[in-house]
Every structure is written in structure tokens, then in C-alpha cells.
Amino acid sequence: MCNGMTGVSPKIGLGLIGSGFMGKTHVFGFATAQRVFDFPFKLDFATVCDVDEASAEAARQSFGFRRASADWRSLLKDPEIDIVDITAPNVLHKEMALAAIAAGKHVYCEKPLAPSAAEALEMTEAAEAAGIVTQVGFNYLKNPMFALARDMIASGELGEIRSFRGVHAEDYMADANQPLTWRHDPAGGGGALADLGSHVLATARFLLGPIVSVMGTCKTLIPERPTAAGSRETATVQTEDVAQAFVNFENGATGSVEANWVATGRKMQHDFEVYGSKAAVAFSGERLNELRFYSMDDRAGLQGFRTILAGPDHAPYGDFCVAPGHQLGFNDLKAIEVRDFLNAIAGQGLVGPDFREGYEVQKLVEMLYRSAAENRWISLS
Amino acid sequence: MCNGMTGVSPKIGLGLIGSGFMGKTHVFGFATAQRVFDFPFKLDFATVCDVDEASAEAARQSFGFRRASADWRSLLKDPEIDIVDITAPNVLHKEMALAAIAAGKHVYCEKPLAPSAAEALEMTEAAEAAGIVTQVGFNYLKNPMFALARDMIASGELGEIRSFRGVHAEDYMADANQPLTWRHDPAGGGGALADLGSHVLATARFLLGPIVSVMGTCKTLIPERPTAAGSRETATVQTEDVAQAFVNFENGATGSVEANWVATGRKMQHDFEVYGSKAAVAFSGERLNELRFYSMDDRAGLQGFRTILAGPDHAPYGDFCVAPGHQLGFNDLKAIEVRDFLNAIAGQGLVGPDFREGYEVQKLVEMLYRSAAENRWISLS
Amino acid sequence: MCNGMTGVSPKIGLGLIGSGFMGKTHVFGFATAQRVFDFPFKLDFATVCDVDEASAEAARQSFGFRRASADWRSLLKDPEIDIVDITAPNVLHKEMALAAIAAGKHVYCEKPLAPSAAEALEMTEAAEAAGIVTQVGFNYLKNPMFALARDMIASGELGEIRSFRGVHAEDYMADANQPLTWRHDPAGGGGALADLGSHVLATARFLLGPIVSVMGTCKTLIPERPTAAGSRETATVQTEDVAQAFVNFENGATGSVEANWVATGRKMQHDFEVYGSKAAVAFSGERLNELRFYSMDDRAGLQGFRTILAGPDHAPYGDFCVAPGHQLGFNDLKAIEVRDFLNAIAGQGLVGPDFREGYEVQKLVEMLYRSAAENRWISLS
Amino acid sequence: MCNGMTGVSPKIGLGLIGSGFMGKTHVFGFATAQRVFDFPFKLDFATVCDVDEASAEAARQSFGFRRASADWRSLLKDPEIDIVDITAPNVLHKEMALAAIAAGKHVYCEKPLAPSAAEALEMTEAAEAAGIVTQVGFNYLKNPMFALARDMIASGELGEIRSFRGVHAEDYMADANQPLTWRHDPAGGGGALADLGSHVLATARFLLGPIVSVMGTCKTLIPERPTAAGSRETATVQTEDVAQAFVNFENGATGSVEANWVATGRKMQHDFEVYGSKAAVAFSGERLNELRFYSMDDRAGLQGFRTILAGPDHAPYGDFCVAPGHQLGFNDLKAIEVRDFLNAIAGQGLVGPDFREGYEVQKLVEMLYRSAAENRWISLS
């Protein structure tokens, strides 16, 4: 799939769509991944696209691409491009991804995969039929502390898993003067649940596996917002500020989820707690290098939640730094995400989350919206 | 109501029913309250009752009462007794309380007030008709940090209140070998929700006011337990290990509640977070002398959750210790509870929680059980 | 030693000198100890003394003593009094204690034992010669978490002890408008080192054993203070606001100590960290129910400081509360201190700190003052 | 100074000496800086040197340099190279830096600048005479939270500064089986004090300014170590495991410093606390995105240490991520360090730490060694 894989220094070409903040973050991820990890090919930052030509050219220079383009379709025909990386608004994801898949490109797409589960499924099935590699940008899952928690759960260290509590709360919509955005338009996929709750659902699945039934509730706490920054004209907010959910897992555990973008004071409260019959783990998103762990195997009188600091014992931390406690940052997680994607392309196994996982999360989001609208539990079938 | 209130040293007589752990805690509360606070009367530790005569006599000596009795009804006719303090099993609360009310005694009763809301209401109406003072033992509410949080909410410091998250999780039932108790018998009032969830509901009402609708779910995660300690015989568990709830408040806020007695590693996770349009507060039960507070009024770049340590600024901390940061303990909260009860008897205003508040909490517990059984939202009216 | 020990209900009589805050705290300790623990005798709150007759009488009523007196010497001749409890200013400690010892009373004395080591030694030798029981009020040492730390060190759980870091910082003198007190008069024993540093030295000895050499430095950061509250007249401050020390332990460990009463924001930073070859413990005075513990025996990748919450595993917590995580308070520690004193009187073994330990701490304080004045290391022998 | 600065896309050429871990970290810093920040020139990764030719070639490919060399002197004559970046062992720093300075190159050198203050001063004076830009790699100083703390101190937010407490403790030498390294040879500059204490001294100076007198003590707690990994042969350790210091600042504040590399459980305890007359700040190296702040200006009853989370308000965080709370990592700090160096080269002002600052820190380290050896206070002048 990569051009020149047989040569001494095979290249893999990257085409990026979108030059905004997420585009920059992806470039950071690719560049860092290449320096930190070993791959059997070298990245070629081929083309960056943006609808605005000047933005594309500026990004080309600043991001270090060889070419700029205002036409994302130009990537599809370019034989030097192996990867199409989509950081455009999510209403465009499907069209772009389907075209890239049809052109045989590997596709890396920001979350959420699509505004609806049906679209996400269409994208997933197309990708699977084409045999290309996909990835969705749930980068919190790439935290080595998440891998540690998941491995402890999977290995039975926690015993039988009993309950999960997950929250993703921020306050970036807490100010009632914050104007309406596309996130307040239901056509974009929804409010706090779609935006932040999807992260918690992805985390829940990552750690505990499939969710089989859900009950949700949504609430819009700021009913009116300005139509634009500083505007005195307001309009009705149509998406939720807070969503809460009960979830039941296939493994028998029970759980709760909260998504909240008006949680004054919270900047990255992507927190979870998992309780098992033998042990428990807890995580706070504002301290991403720490996992708290309580084990009933510890001696009586000496039991307590211990704070495990990320270090070389927690791969791939050691690729970034040889000493523990020095801490990874948010951008480093993106580099790990890129690593998993590139390794999958190199045939070293799929780690995901791929499009199918993006679809599964989207399906849960939709189930929760339906549950909230109909005030009833909904089972996966 | 108190005998001899006109004299120099009027007395108020205490009759205690129950000499177990909670009885001891109440005695601690009365004794400490008397030393720490000023009252217009002196406590007379008159009679302690226990069905077991030997236990009653042992308690008399150890707790410092003048008389012991195996007949709780003896308290009713004793003119030296002004207060009947009930720490007996909660299935007995109603009979004892109604008799004490009929005898014109003030009644202090451990939580939950009664196994059912109907019984709690009957007790409440009898007490109100008799004009006696009542109190229910929700002692977490007596934490000065709770008063601080409530006052900040009431004064508008937090702005419009938007959301509440409350948890009470412990792990005292986490061991599947822990045998069945009366808490596993639905006739006792219920499982984790009745036991621990009632505390969260009391806290939620204390801070945010009335709850108008609820949606709940209950789950028994340990389906079988030994019938007795060490027994190989097991029986089916009939009450829930975990309960989750969505709650809507009269003031427009949304909230969630979790009660969990199998949360491995948690000893006193009575935690809450309250988010308002201007500020937020958060509390952890395992650190009862701390309240975390975030204010949008703090200067940009210097905002953050601050940890307020209990001190003399937070009455009645200063009655226990003149210096901040020295910390109150669980038992001290019981002394504050007693203070409020005695002050109400002395005519200095009712702070509560009284029987009516106990009834309101019990009503919410029942609504949640019905909601969980019927898988639907239930509104108060 | 106790009058009536042969009877069914032997009594032990208490005479308290001082009715201020510490007096109240001691009464709280005696009263609570009697309810929480079992002793082979009953406490008789015989007489409370205060130089001011009205204060003594008020204390009699409020504290629940049988008699009040303005003459502390009256306690000495009273055969009903077994214990003389001294909470008067520390310049009076020696005279009172020596008289009480001469009268054959057991003596409980607030810290510091005396303004000078010489006086403390005189008191110690008199007490030892008389064979009476003594105790000094270093109540932080009574925290069950301290006992846990000391036992872990003593049992070899931490391996060879290598280093100690201890701090006691508060901010009650941080305001430069805070007027001069007896603590600013060197005759009272010294400043932050004598007041707060003595606690750290007591803790260091409690945990690691004897200190063999010290090097100290003292600094007065607020050179002038008002002579009285609100006064515009100021005078030179003659005691230190901050003291720092290096200490070497007999066991080979190295350590540091800081005492600081102008540490803005600190209310009870009585913190310590002890590092051993196999494990470490850390404690923060503002969270007295927690001990942090790191063990190299924990599995690689799962190591971290764990927070042990005080509970029934940590005697005598269970005498106060049957459930873990409910938290003891500052006043409860005083009750534990009283327990140890009463148990020693009952012949159940000396726990201390007794007068000799009070002397040892005072000796270190003086060595540090001398070291600071002479800018040199000082060894014990 | 830069070749081609007049053109549209001027370049600045980088020559790196050393291809080990620090070399990789520096490359990460340069590469990330270039993507994250804007500079008036483009970096040219010209040549990487390593004494081992194969290592140099491997680094060339992996780090993305154009040329590899086994001869660091080749950089000096290369007109395409503007910057010489030294990550070689510190005994080589002086020779390399003096040669680079003589060749008119800007010099970026890892800490410590040199094993002795005399050498550091020679390097400093040569650089200043040549007018080239220098920088020493004290990257902790580049944390936006450090800048925040320093700015608060400088602006008077904390009032008069009274005391400083600084620690750098790790446990990477805690295992007595850890063999001897160059750090155990005094010729390398010293032990824990030179290695870790230098960071605390740099932090102290960064925050509070010049230190005018010091008193130190050093202790070797593990007297013998294996001469090589797994070897049964041991030799005497000649550098200290723990160093403690008292320091007095020019501004009148007092302080203490601890360096400890056998602090079991500590991975990055680079902690400081600064107390002023109006406010205080505290920092923990294991949570590099947080600064704790206590202000007496907060309302009574609502005061407490607040945790400020790094965000876009704390430049240059926003260049890495648009949202607060997402967290920077250790490697990101290196990119900020590079930014300051490149900006200085571009004539946008010197931020440092430059060679002179490296010399000042080294001078303090030496003063402390002398103080410890001679058991006395040493003043700067």
C-alpha cells in the first residue's frame, strides 16, 4: 500500500485535509511519532488542503508540507499520497472518507466519525470492504495509563468488574454569553453528549467492553445564547448542556456517564472509576500521568489508593523519556495515536479505534439521544 | 417543656433507647455538645434502655446514665425525661417515636426515619400535631463545610445553580463472603439506596432544595451471599448493591446520584459537586474538613479550585478549636447535631433535619425504588 | 496510687490548673477518654484552678468540676486528687510540677515542658525519683497514623532509614500587625522553633529515635511588631519567625527540620517524609487521617504512594468509630493522649511522651538555638 | 548571524554534538519549536556528531539531519552551521564550547555548564566577549507555571518575600545495587547536589533572585556500590546521596534546599514553596501543569490554596493547545527552551538561562560543597 516499500527508505505520503487547530495537532502527532518511534518507512508530508487557498499555503509553510491545495479531491488521484487525514468539520467526514476509501487511501479521521450512526456505518463498511486501514481520533485512549487500566482489567487484576463511573466535564460553554456554534445545531450530531460524552463512551468500551443497554437524559441549562460573539440578538439553544446516562455492560457491570460542558471550573474532567471484586482503578483527566489503584491484596492496615506515576514501565512512555515522573502531554498522546495507525498500515496489527469502533460509539450516542427523547431504556437489540 | 427551666440550673432529661454503636455515638454527641457549647440547661443522662438487661446496665455504667432499663416504655412515663433518643433498629422507630410523641417527649431518631415513607409521614404528622421537637440523624449535614457550601449557594455566590453530582460509595459489602444482614431484606427499607443513597438525597436537598422528579436504576451485583458468617449455605440477595439516579431540582438544576456499597477501596466517598453559573463547589467525604471552591470572579490566569480548610471562620468549628486546620472528626459532627436539637428545644430556632425532612428523603428513596422497578421517570406531585 | 482502687468503682481524682483553651481541650480529652476507652477506675473531676476566681468558677460549671479554686496549691493537699494537670503558662510549669511531684501526684503538663532544658531536667529527675507518672502534651504523636508510621519503621518495613524531612509551618504570625506576645520574648523559651519546631523534633524522635547532632539557623523576618493590638507603638521582635535545621540521627539517617509561623496559607503543615531503603512514608498535618506509603515490594509498573485512610485497623481508631474513613479530629487525639496517661497510672505500661522525653526535645531546641547563635554544628555528647 | 537572513526564507543551521538521550530530547525540542512557534528563519538540521561514527549515522537518519560526523570540530568550520548544541558529557563542555565560541557559533549547552565554576566562568566570559548567544538546559525553568510564579513574585502579588523551600528528590540511586557511574566520581562535578540540587538553585534564583550566603551539608548514605552492573566487586562511593542547604537571598528571604537521589518513591519531586507577606505559591514537579496559590486577599472564610491548571492564559501553553487542562509534557518544555534560544538569536531579547546564569548556579554548588566540607556558612562576596 505504501509506495516504495521495497526500497531502502520507503516513503509513505500524507495528505491532510484541514489546517485549523486539529490539523496542527495531527501534524504534531505525525512529526513527533516519526522522531520518537521506529517505522519501516519515512513520512512524506505531501499535501495540505484547506478550502481557503491562502490558509492552505500558510499551513504548507508552517506545517512543512511540500504542496498546498484548496481542493481536497486532488489528494485522491495523487499516487504519492497513501494516507488521507481528515480534520475538516464532521459534516464533511463521510463524503471525504468515502472518496478516500474508494481511492484506496488509508483514512485517519477526527472524532466524531460522523453526525449519525448510519453514516458512520456506511463509512465503516466501505473501509472494511476496501481493506484499508482506518483510525478515529479518540486520543485520550492512547494514554499509557489507559492501557495500564485496561490491561489490569483484562488480566483479572481487578477481579469481576462491578461498576463504572465516567465523566467528561469542561466549562467552555459555561458562559451564557458564549455564542451559538455548530455544536448547538442538532444537525452537527448533538451537544455535550456527542462532543464530550462520546469520549466517555469510548473510554468505557475501551476498558470494560460492549455496552448492551442505556438510559439517558439531556438538559439544556442555558436556553438562549447570542447568535454571534457580542451580539444582542439571541436564539434558542437546541442541543444539551448536560447529559447523564445509565449504562449496562455485557460483562454484567453497571455504570453511569455524565457529559457536561457548563461545569464551571472543570477544564478536562475526563474522569473514570472502575470497581472490581478484587481491586479498583481511578483516573482524572486533569492529571493524565497518574492512575490510582486500590488492591484488596495489599496487607490489612496498609491498603489505600496508590498513585501510579507514568514511567518507562508504561509503554510507550519510555520512547518519550527514559525517566519516570517527567510527564507526557496532550500532544504526545496524539503521537501515540499516529504510531498505532502507522503500525497498522505497516502490518503490525490493528490497535484502533478504527472506523468500526467510531461507529459503535456513535451508535451509543444515538441510543442515548433516543432514550432521552423517549424517556426509556434502550437495549442494543 | 424542660423541667425546672426557671431555676438557676434547669435540667433536661435524656432517655436513650439502644446501647449499640449508634447509642454510644449519640452519648458522645450529647456529652461533647454540653462541654463545647452553651445551653440554657444542663443535660441529665437519666435512663438508658436496651432489650437486653445486662447490656442496658453495662451501658449505664459506661455511658454514665443514672438508670438502666430493659423496657423502653418506662421512659414515657418518667417526668424527668424530656428527650427520647432512638437508636434502635429502624423497624422499631415508628412505634417508639409515636409513643414518645404521645407522651410529649422531644424525639431524636437515627436515620432512616422509617422503612417506608408512609410510616415516616405518620410520625411527622404526629410530631407536628404535638408540637414537640424532632430530629433525624443525618449527621453529615452538620459538617461546617456543608453549611458553608449551602450558604454560598443560597447567597448567590455560585450564581444560578446548574448541576449536582452526588455519590455515596463505600466497600463494606464488597466482599461476596460478607453474609446477609437485615439490610439485604427489603422489609428493612432497601439496600445501598436506602442506606447510603438517602445520605446523598439529604445532602442534595440541603444544598439545592426540593427535588421534583427522579429516574432510578438498581442492581444487585453479588447475587448470593452466605446466610451467616462462615456459613456455606447461601441465599439470594434481595436488595441492590448499586443504585443510580437522575434527579431534577425545583430550581431548574439537573443532578445525578449514586449509592454503592461494593465500591472496592472507598471508605467514605460521600462526595458532591455543585456547578453554578458563577462558581462551583466540590466536597469529598474522606476529607471532611475541606471544601473546594472555584470562582469565575478570580482573576484570569489565576483561577482554580481552592481548598478551603475548616477553621474558626466556619462556625461552630471555633467552639471545638481556636486554630484553623486542626480538623474536626466524625464524632464532632454528632455533637453539632445534638447542639441543633437542643437549641431547637430551647426555642432558638429549628435547624433540622426534623421528621418532616426525614420523611421527604424517605419519599425520594421510595420514588426511586418505584422508578427503578417500573423503568420510568417519576414526578413528585 | 489511686484512692479507692480496691473498691468496685475506684475513683481517680483530677485537679486542673488553667481554664483557658488548653484547659478546655484537656477536659475534653479526659471526658472523651472515659467514654471511649475502658479504665479500671472512674474519673472524678475534682477541682479546677485559675488565678482568677471568677474564671475558675465559670470553668467549674462549664467543664463539670466539683470545686473551683484560685489557689493551685490547694490541689497538693487534697487527698482526693491523684492527677495534677498543668495548662498554665509555661514559665510556671516547673514550680507547679515540682510541687505536685513532691505531693505524690501524677503530673500531666502541656508542652513545652519548661522554657529551658535545665528546668525540664530538674522536673524530670524529681518525677523519676518520686516514681510518679508524667506526661507531656505532644498530642500529634497520638495520631494512629503516627503509630502506624513508627511501627512500620521499627519493624523494618521501610528497610534501613536514610532520610527525614519535617516541617511545622503555620501562618498565625504572618500578619505584621499581629502584636507582640509572650512568644516574642526569649525568656518564654523562644519563637517558631520552640513553639512549632519542638513538635517536629518530637515527631522525628518518635519515628526515628535519637538525634545526635544538629546545625540550625534562625531568622526574624518581621523585625518590628505593635506592642498591643491596634497600637501604633512598635517594638523589636526578639524571637525567630523561621528556623531551619539539619539533624543527624543515631541510626545513621540524615534529616532536615523547618519551623515557620509566617508561612502564609499554612494552617497545620505538620508534615514529614521518611525515606528508607525499601519503602517510604509521608504525612501531612492538614490531613491527619491519612498516611502515604510507597513500597518497592509492590510490583513493577504498579508502584506508587498509596494513601492509607485511618480506620479500625489503626488502634485506637476503632474505639471512636467502627467504620474506616470517618475520620478522627484534633480533639480525639487529646483523648488518646489521656488514655495513655491513665493507662500508665493504672500500671499498664508507659507510652509517653513523659517528662524525660519532654526534656530531650527541649535539649534539642536549645542545641539548635546555640548552633544558630554560634553558626556551627553541635553534637549531643 | 544567520546565513541568508535577508532572503525570503532564511535558514539557521544546527550542529548537534551527542546522539544519546539528551541529543534526542534537543532534536525533539528544535523540531517541535519550529512547528509550534513562529521564527523569522527556518531551521536546517545540518550535522549531527558522535564520537562513534555508526551512532552518528544512525542519529542522522533517525533525527533527520543532513550530515553525520564523528568529528565535532568539523562543525566549527562549517559556514552553514550557526548553532552548536552540546549534549556530550559535561567534562567535555568547556573545550567544545570555547571552540564553538571562537568560531562565532551560538552555543546551546546541557546543564551543568561545567564541572567547576572556574571553567563555567571562563566559558561565560569568552561567550560574552564574542557576543554570541548562549543557553544552558535548565528546562524546568521553561514551565509556564514557573513563569507565572516568577511574575507573581516580581509584580508584588505575594508581597514581601519571606521564605523559600525547595527540593529535588528522585529515587534513581536508591537501590544499593545500582553500580557506580561518573556521577559518583567527584571529578564529574559532584553527586546529588550537582545533579539535582543545581536545579533547585536555578529555580530559587529564577523565582527570588540572587542568593548571598549558604550553609550546606552532604551525606553519602550508601557507602559502597558495585563497580559495574551485577558485579560483586564494590568500591567506596565518593559523592553525596543527599545534600541539604540553608540559603539567604539578597531580597532578605530565607530558604532551604534539599537534593536527594535516594528518596524512595520520588520520581520528580522538584517542589518549591514560596511564602510572601500577602500570598504564597507552591509547586510539585510531578504535576508540572499545576501551580498552587494562596492569597490573603481572598475573602475571609473562603481562603485556601487554589490549584491553577496550565492553560492558554499561561503563555506559551496556547501555542501547544487551545484549551486549558490538556497538559504539557516534559518534552514540550524543551521546545519552549529552544524557542527562547532562537528568539534571542533573532534579536528578540535574551530570556536565558545563559552561560552566566549557568556559572552563577555552578558557583552556588561549589560554595555549598565548600560549606559542607568546612562546616561553616559561606557568603558570596
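Note that the chains take the letters A, B, C and D in the order they are written out, and that residue 1 is the start of every chain.
Criterion: a residue touches a chain if its C-beta (ideal position, glycine included) is under 8 Å from a C-beta of that chain, and two chains touch if they have at least 3 such contacts.
It should be emphasised that the depicted structure is a prediction, and the values quoted were computed from it without experimental measurement.
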Completion exercise
Chains in contact with chain A and also with chain B, listed by label, are C, D
Handout entry: Same-residue or different-residue interface between chain A and chain D, half as cut-off
Key = same
Problem - C-D compared against A-C, more contacting pairs - result: C-D
Fill in the blank from the handout: So, in whole Å, the Cα centroid of chain A is separated from that of chain D by 35
Fill in the blank from the handout: The distance between the C-alpha centres of chain C and chain D, rounded to whole Å, is 42
Practice task
Could you give the separation in Å between the centres of chain A and chain C, each centre being the mean of its C-alpha atoms?
Solution key: 54
Handout entry: Of all residues in chain A, the ones touching two or more other chains
Key = 266, 294, 303-305, 309
Practice task
Flag every residue of chain D that touches chain C in the complex, lowest number first.
Solution key: 162-163, 165, 167, 174, 176, 215, 217, 219, 221, 241-242, 244, 246, 252-254, 256, 258, 260, 262-266, 273, 275-280, 294, 296, 303-305, 375-377
Exercise for the section: Over in the complex, which chain C residues touch chain B? Could you list them? Expected result: 21, 24-25, 27-28, 31-32, 35-36, 38, 62-64, 170, 172, 266-268, 285-289, 309, 311, 320-332
Handout entry: Residue ranges of chain C touching chain A (in the complex, touch as defined)
Key = 148, 292-294, 298, 300-309, 313-314
